[in-house]
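Two complexes are shown next, each including chain A; its partner changes from chain B in the first to chain C in the second.
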Partner chain A sequence: MLLAPEILFGQLLVGAILLGGIYSLVTMGLALIFGVMRILNIAHGEFVIFGAYTTYWISSLLRLDPLLAILLTIPVSAILGFAVNTFLIRGLSKSFDAPIVSSFGLLLIMQASMLIAWTGDPRSIVTPFTAESVIVGPVVVPIIRLLAFTVSIIALILLHIILTRTYTGRAIRAISQDYESAATLGIPVQRMQTFTFILSTCLAGASGGLIAMLFSFQPTFGPEFLLKSFVVLALSGVGNIPAVIAGGLILGIGESYGSFFLGSGLRNVVAYAMLILLLLARPTGLFGRRRVREV
Partner chain B sequence: MSLDVRNLTVEYQRDIEILKNVSVHVERNSVTALIGPNGSGKSTLMKSIAGILKPKRGEILLDGVRLDGMLPEERVGQGLSIVLQRRSIFPHLTVKENLLLGGWRIRRDSQLLLDRLGEVLQIFPDLEPRLRDRASSLSGGQQRMLEIARALMTKPKILLLDEPSAGLSPIMVKQVYQHIDALRKLSMTIFLVDQNIQMCFSVADYVYVLELGEVKGGGRKTELASSLSDLIKGWLYLEQGGVKG
Partner chain C sequence: MRARIILATASALLLLAIPTLAAGNNFIITLAFLFTIYTTLALAWNIVGGFAGQLNLGHAAFFGVGAYTLALSTGAGAHPYLGVAAGGVSAVGLALLMSPLIRLRGDYFAIGTLSLAEAIKVAVLNIHAYGIRVTPYEGLGRVENYYLAVVLLIAVSLTTYMILRSRLKLALVSIRENEILANASGVNPLKYKILALALSGVFTGLAGGIYGYNLLYVPAEHVYSIEWTIIPLFMVLIGGRGTLTGPLIGSIIYLGVYYLLQFTITEISLLTFGLVVVLIIKFMPQGLIETLFIRTLGVKRSNIL
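Right, the complex of A and B next:
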């Protein structure tokens, strides 16, 4: 059955928006670490995939609803984040390149460990809603995507509230703007950075759980999500959550329309092309703020 | 309550000493100024006291408690507060958020925090109508006042001011120094570094002179005032590349 162009356009747009919300959540963890610790965590995608596997196993072994399993994935991700920060990142955070090398090593270790533990077989989580849809006007909306999008946006709104309404959140934002000045006010910078790293891995774990309900996944899929996070970050800048949401939506739209017109095999090519064009045309991102520091 | 710096030596690179056995005493309830030419090590001393730079040797004591070896945030807990030479506001936070973060140590006592906010706004009333504005929207002088106000939120035992007039117009410099003078009248203990010797002298009770990383003298302002013009001539000579005999 052929769809009318306007219905097809609407269908693609809805799919893109739902996907974009999850991309925003995936990116937020990376943005937090980069903003507060000035560390580009190359292993971020592995934390996402680790979250997907943790949700998968908790859900399978305990016969839990996947959404409840995500709630248990969060503390597991927090423990992993604490260990990685303590043993691999904290001592290196004064240098810009050492944590990049360190996190690249972590990427390889996590990927190999997950391959050994869980093999390279593709897995996915089947929920009671996996095949269900709701029809809104002429557009079919898969319930599971709608659910994942809603959870992502709620998580991002909660994070926004933490960062803007709580003392700890203000301190995190202050450190991201000027950590030396924050330290002179008595803010424990290192403790806040540890908290941020753990928060970031929790976000990655939760987003991994949602992704596991939408797509099949393997241990080697981490770099793909890292790339998508880079694109969203390049669009949004490190600045704020609404910009990251907008960046995620733009990537979702670009990918959906790109893969429709160019073929799904070129989905990632669209993301790469967006990243390169953005870095060339607007290095601070579409919504990025120009950083000015007096010396 | 006093600050004692004893035989402090700081080096940026191995064997290049920026401060050489510097000893300074800051008397309680007074303004002590440290003056010296460009590159004499004034800001290095301030950063070392605040814990941003790690000295090679020497002691820093506040009320007899050794601060050297403590992290910057731990020194704040001991009652030390600093306003850095460079702009150090959080530009994307509001003026109120900046001020509240200054009270990080007392954040769990919301009533005390609000009281302090009220006290600080009495000293810096120009900030009150701007509380909801982003700090980056303030003028240079207002940003400097915000930095000083923020540093006062924990009611520190001693306030370190590193070049408070740096980068400000003459009118703004005057305003900033009016506030420093107001703090002096409130018996605040202040250790002040500034290139603007005239303004520095106008508020100081005690003055130290730092040259090429060494303290060349110090004492009551009245004792130093007569030799001031000779000092400045010497510094100008140094800044032009001369070597003092």
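Right, the complex of A and C next:
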């Protein structure tokens, strides 16, 4: 009964895909910074949680619909991202280790300030349609998850258009392909990096707002989202949006099926095991292009 | 040269004398014990992360495996020293298990090792959600355990010193600076990186065993926690990677600042601590040794260990 095909390929798969969309959005911010600035931003999960809290407070203080609150969260995240980039990150990109340590310091700062400001109590956003769901054939689809998935995919498509159709987007991709050539071609690398960092925190903020509607959250949950986006990042390689979406979906599917068959305690083990095996088989990511080795 | 030997011997004697000087003050002994363990971890991390330049974010797994092996083997009736040794051996086993990951370069090695450590943690938590109790052994108290930790710290310092003066350092540093060139000059990167990982693993595993015995209770959540990776990494980067004095100085600064803040401004200590870390990295991205000693004070690089 439990292994009936409509459960295995219906309910489970739909849940997995809806979850995977959010993972893609969370990862996209990390992937952008990683590609353009060569910084592994350990504090990325904290920006996600910050987005969740901002959405929570905006929607409860201004009595706004959470989805509208997310729109207001984005500029707040942008301001935070600008400040962090200006004071902490800029000028560090030369070496590889320093930004990692610096962003870990940032993780401590953000986690501690959020704990002081908002305590460690778990919170969640209740929307008018939290308990609602639509029934499609044998599958029950919670509206809130469908909504979050749709918003994520729309955001990613918009980002894809920005990255492929505008000058700024092309400049960002040029920098992530070859930093020095981009600079010699007259691309203002530093300004683009600042822009990328802000874009990344905006994405993190928006995904945080969506996550706040799906799960309960507290200030210490950041690293979990960070690790999940590491998995997606390693699956997808750097800076290719369709690959990031695919990576997010694979993680969602792997987690859902893994926890279904092995028990929810091993949910994350499945994700990490997938990641390690994939890294071993394809060291530059599942969809990553093989780079020319430099001497 | 002679001054160095005297200084090193004096510090070792001071560490060994702390329990006598503290006259049974448990608080001071615990602080000294933590200092010893963390410094051991920093020096062990330095072998892979400093000399060979591989950003190992899975260091906590070695530590956790060491502590866990001790808990399991003393639970089965083994002598604690045997348990500590078994912890070291199983950490080497883990290092060999990790070695396929060592082919990965730079960022991907960091992500891979981090995920491996997290996967091990979650898997262990799934079996023992509440950790394991360790039964204390007759005649082996906190103080004796502290002496063991100091001996381990001395051993890892001597090992680092030997590496600094050996061909192994040249091989590892050449891999750090340019792996492909190193390979072309006859250095087998894979072999040396695995060797470094195993060396780093054995000391970390032993430290984990000693730490686990000191706790008398080994919760997986704690001993596999990522802090056992991040704190040693900080210490090495604050001091200066690929040296002996760097991790030592980094460890003293880190723990000094950390506990100073803990005891003075407890509520906002983590926040301030994060700021301090960020500022240190901002103004001394190459570490204290490079920025202060070599650039500012003009000490010759060859004079620094």
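Keep in mind that, in the parts below, the second predicted complex is superposed on the first by the 284 of 295 C-alpha atoms of A that agree within 3 Å, B and C clash if a C-alpha of one lies under 4 Å from a C-alpha of the other, contacts with A are read in each partner's own complex, and residues count from 1 in each chain.
Here, a contact is a pair of C-beta atoms (placed from the backbone, for glycine too) under 8 Å apart; a residue touches a chain by one contact, two chains touch by 3 or more.
In this text the structure is predicted, and so the values were computed from the model without any measurement.
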- Query: Should A:V189 be classified as contacting the first partner (chain B), the second (chain C), both, or neither?
  - Reply: first
- Task: Quick one: classify A:I143 as touching chain B (first), chain C (second), both or neither.
- Result: neither
- Query: So, does A:I253 touch the first partner chain B, the second partner chain C, both, or neither?
  - Reply: neither
- Task: Answer with first, second, both or neither: which of chain B and chain C does A:L71 touch in the superposed model?
- Result: neither
- Contacts of A:I153 with chain B and chain C, given as first, second, both or neither: neither
- Task: Scan A:E180 for contacts with chain B and chain C and give back first, second, both or neither.
- Result: first
- Task: Could you say whether A:A171 touches chain B, chain C, both of them, or neither, answering first, second, both or neither?
- Result: first
- Message: By the touch definition at the top of the document, which applies to A:I100: first (chain B), second (chain C), both, or neither?
- Response: second
- chain B or chain C: which reaches more residues on chain A? C
- Enumerate the residues of chain A that count as touching chain B in its complex and touching chain C in the other. 293-295
- Message: Taking the touch rule as given, give the residues of chain A at its contact with chain C in the complex, in rising order.
- Response: 34, 40, 88, 91-92, 94-98, 100-102, 104-113, 116, 223, 227, 230-231, 233-234, 263, 265-266, 268-269, 272-273, 275-276, 279-280, 283-284, 293-295
- So, in the complex, the side of chain C touching chain A is made of residues 55, 100-101, 103-108, 110-112, 114-116, 118-119, 122-123, 125-126, 178, 180-181, 226, 230, 233-234, 237, 241, 267-268, 270-271, 273-278, 281-282, 285-286
- Residues of chain B touching chain A in the complex: 50-52, 71-73, 76-77, 81-82, 84, 86-93, 97, 100-102, 104-105, 107, 150-151, 154, 167
- Which part of chain A faces chain B closely enough to touch in the complex? 167, 170-171, 173-174, 177-178, 180-189, 239, 289, 293-295
